[in-house]
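Labels for the chains are A, B, C and D, by order of writing; each one numbers its residues from 1.
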């Protein structure tokens, strides 16, 4: 939050209170403004929030604990398929969200631990390739587990997933107030997702500024020294994988409910890399930065898609670079240039793992 | 502050009820990416139909109506498909002709269903599309549940009883291969092996060696041409004598190009829903299409054209452009299109859709009688 | 029996292609300790450039003959790929040599994406038919068992290149400088080795190898396109790790082994698993093997057991 | 005299190299114990075995009356042995204060759920840990750099920070691996008084050092290692006169 406040022009540095109010207002009003352009933009915002959640979760693994995970989307898939299994006509089971979402998160966390165990001793680059393999394995299984027993319905995916019902209230149904005035369900999803994202951010922030967050940072910076101050490196790494996966699992469940359809092609390696690009772009380890990174990189392609094609058609009479290529170009350049020019990301504000201000307010502490 | 927000919200949520003279019709297909040529073809089919209708002048419920095309690009990606569907709903279209691929059509159909908008796909052939129980979902092409059996019937009667089946684990390939396998078994044939590859693979030697060990008469591949071409080559490299059969994913010039000198006359076949272009009831269509867009008909434009005019026909009959009003008319419609008679069964599938078998001959695909 | 023999040949051919690609991975890793994720994409660029050159040659000199045409393709593609490797190393990797471990790795992923995007801009997303200048008409060494001349060529090329590299690394001055640089850049520099030049040279050689591998793969399957490098890249990396990354012989061994495991595994898994698994799991073998090897023998089959450079 | 640590017949080899051969020594509670020897004598290996980085081939450590677990560094820290590193190993991206707070890891207990729900005990513990960490920075004299990222500290301050971090684990035995390496005369003097203060406050100190003068002036007892074997173990005055030690340091083929 503080990072977000700081980037507000002028007020960010001069009057943080006003800046904070501006940020809050923007977050709350954004979907209504987007609705002015068209509900499609609200849907994009909804997806952006899911990406924020994924990025915040991956940041916990990559940014805090320094474990490069290229198979992160697998946990998203676990969450989404949990929803598909337990809240769709596929098995004829329709459980409420407060059972399915925690279960999805739990399965994802379990998957995180299963991935974590064999890779505990691996160094950064080996870890990357094994996690990549893990992501692919999960996808391949989902694509093939329709034979000999049909579990995942294979490449056809699972359709007609239940939408999100929060204690009897169907989020996917517009609220009709009068005949001419109703609240779009996309807006409702936005605020529901916003609640989940806010909760995730609060939890991740609490973890960061805690005994556990500091232990992760210590392992990231020097795992031998971390052992030497008494940190159980193995358990801490497993916890990082499990916690990161949990957020992925919740996001996956919400994705399933929102989209109403899951199929293995939504969980490709490309998606893992997109989320990684968001984390890197915003600044590894820096929650505010990661949020901005996720928002920017999920909006940019849509903006490109709306304006790049008409602009090119107007300028050159044809489409030279289609939006998909522009999108890949953006991700590729984001990864390369961020690492080369600003390894700490768009907003290299220092990550904090303590709150010295609380205790040391009356003591003189230098720069 | 509060008041302006409410005003803004009213502006955003309010729906326009006034009857417009302009009626928007949506079209969604991949306009960029690997299947862009097919997507553009589909969209142009819709465009031509709208231009024809406008030129003729359509009167619905006593009012003169001008139709307008809203074309969107779904990149053949399910997630983009739903985003695009939302954009079309936002734009206030009264019907959508699309999407092109089954993978994008199925999730998108849910959004159209919620918005109460009629959707007719000119080309999505996955059977489950019309099995969702959506009232407003139709298609004007025979689905895989018909193509698979047709291909199986051809294989069993003309090529042999022992069949090996391969699919590429994509929604399209697996769906078609499953229908084919079912029909072969029902028709008294034997499936010697069922093998799998991916839609990114280029090496099929391992699975083909396995196929070869069972010595089938026919190899059926449910997949697309980038895999089909090299597969034909490797069939030859392993000295396999079996005939090679594919669905519509292989009925392309691309397959012939990629298969190179390995493809032989009399040993490669493919099936495709619909009648061959040369045998379209309305031969005029091809010429008019070429004249209008300076491009040959690729595949789906006649179906998109028919789908569009079918909807317009239904609007005329019902005397309304509102989907809820013209839907009953559409269900009962009998529209004489360029691809044949368009009428729907209770699920929204085309009744009596034709399937054509093609054989490789003289460097191209020739329809068999 | 014929089937098993045929599967072994299939495995050997695929395996030697993996090996060919793995040699490049292993060279770069041996010296820099960097997984060059973009290696597979350099392969793809090599194949597409060669395709361009071959098409040009076929139009300009239609009577050149198959092998000279192929040679022309290589003569164009190899230097282009080498230049590309050089540029990538200079522009993207060199500045990160002393950065935290994640930085060069993430950059490499970015470079891989960038190369694919560039290829899509230049060549589109189409699948190109790659001229099969080496015959694909199969021979029958044993009745019922088939192997095409192009496959034999692939086997020979990868063996020859591996041998040449081993000689280069072990018997020449450049090779000695490479080994010194691999041991420790700074100390090598102090001993008068131009470490930067050696690292550049390694990238250049590795990229040249990738181009040859790309042409071989495209010739074998008769197809080339912008994403053709991804899968061989991943598999070859697995092969390199399996054999012991940094070890040239290991790359060869790992490649062949992986090829055999994949073809025999996919060929017989259905029997082994009582029909539960089937060939749709073919792409999993590489990753499973990778995981198992790294857990139980982190330095691979032929790799030396080096203490973790903590 | 109460024995705090007893090493009994520790052996460790790497491949063909015998790094430690049957090393036995004992450290009394409350003393400053020096371990010296020429380069490659096995001092650091002894350290790594003691702190759990390596598992010994034979022998055992008895600490405060019971045997130490092998090769599990974090458990050894829990038992009350803390160490520093010869080439400083701080958590580079963390501030000085946070480095020390990490040191409190084993002495604090906040669990996952306590943290996620910010239970009262957790908040209180966090406050205490922060305060205690600040006190420790003051103790080693670098409290004004509390919020400085540790990689930006000067060399001498990094050494002090590492000691503060080790003290944060609340050790009974503090093992310092060449703490004076690379320090100038003033810094060494400061270090020396810091070590004396630490001992004065009840922590036993094991000191590996190259600087013979520092060791002889500071330590109560000294052991000399050479070629992985213990030569002598006695008070500095005796060790200095020992022929074997003089031989090891000055004579022989491997003069330092």
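Rule of thumb we're sticking to: a contact is a pair of C-beta atoms (placed from the backbone, for glycine too) under 8 Å apart; a residue touches a chain by one contact, two chains touch by 3 or more.
The shown structure was predicted, so the numbers you read here are calculated from the model rather than taken from an experiment.
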Chains partitioned by contact, chain A not counted: B, C | D
item	value
Identity of the most central chain, Cα criterion	A
More contacts between chains, A-D or B-C	A-D
Label of the chain whose CA centroid is most distant from the centroid of chain A	D
Length of the line joining the C-alpha centres of chain B and chain D, rounded to whole Å	73
Computed distance of Cα centres, chain C from chain B, in Å	39
Intercentroid distance (Cα basis), chain D paired with chain A, Å	42
Length of the line joining the C-alpha centres of chain C and chain D, rounded to whole Å	48
Where chain A touches two or more other chains, by residue	143-144, 224, 325
Shared-contact residues (touching 2 or more other chains) in chain C	278, 280, 283
Touching chain combinations (by label order)	A-B, A-C, A-D, B-C
Contact set on chain C toward chain B in their complex	2-3, 6-7, 10-11, 13-14, 125-127, 129, 132, 136, 138, 140, 144, 146, 148, 217, 221-223, 225, 227-228, 230-231, 262-263, 266-267, 278-280, 282-283
Parts of chain B lying in touch with chain A, wherever the complex brings them together	5, 8-15, 17, 32-33, 36, 73, 75, 78-79, 82-83, 86-87, 89-91, 103, 106-107, 110, 114, 126, 128, 132, 169-171, 173-175, 196
Chain B residues within the chain C interface of the complex	33-34, 169, 194-198, 200-203, 205-207, 209-210, 212-213, 225-226, 229-230, 233, 236-239, 254, 257-258, 260, 262
Touching residues (chain side chain A, partner chain B) in the complex	29, 32-33, 35-36, 38-40, 43-44, 47, 143-144, 154-157, 159-160, 172, 180-184, 186, 259-261, 263, 265-266, 302, 305, 309, 319, 322-325
Contacting residues of chain A [partner chain D, same complex]	203, 206-207, 209-212, 214-215, 217-218, 220-222, 224-233, 239, 243, 285, 350-351, 353-356, 358-360, 363-367
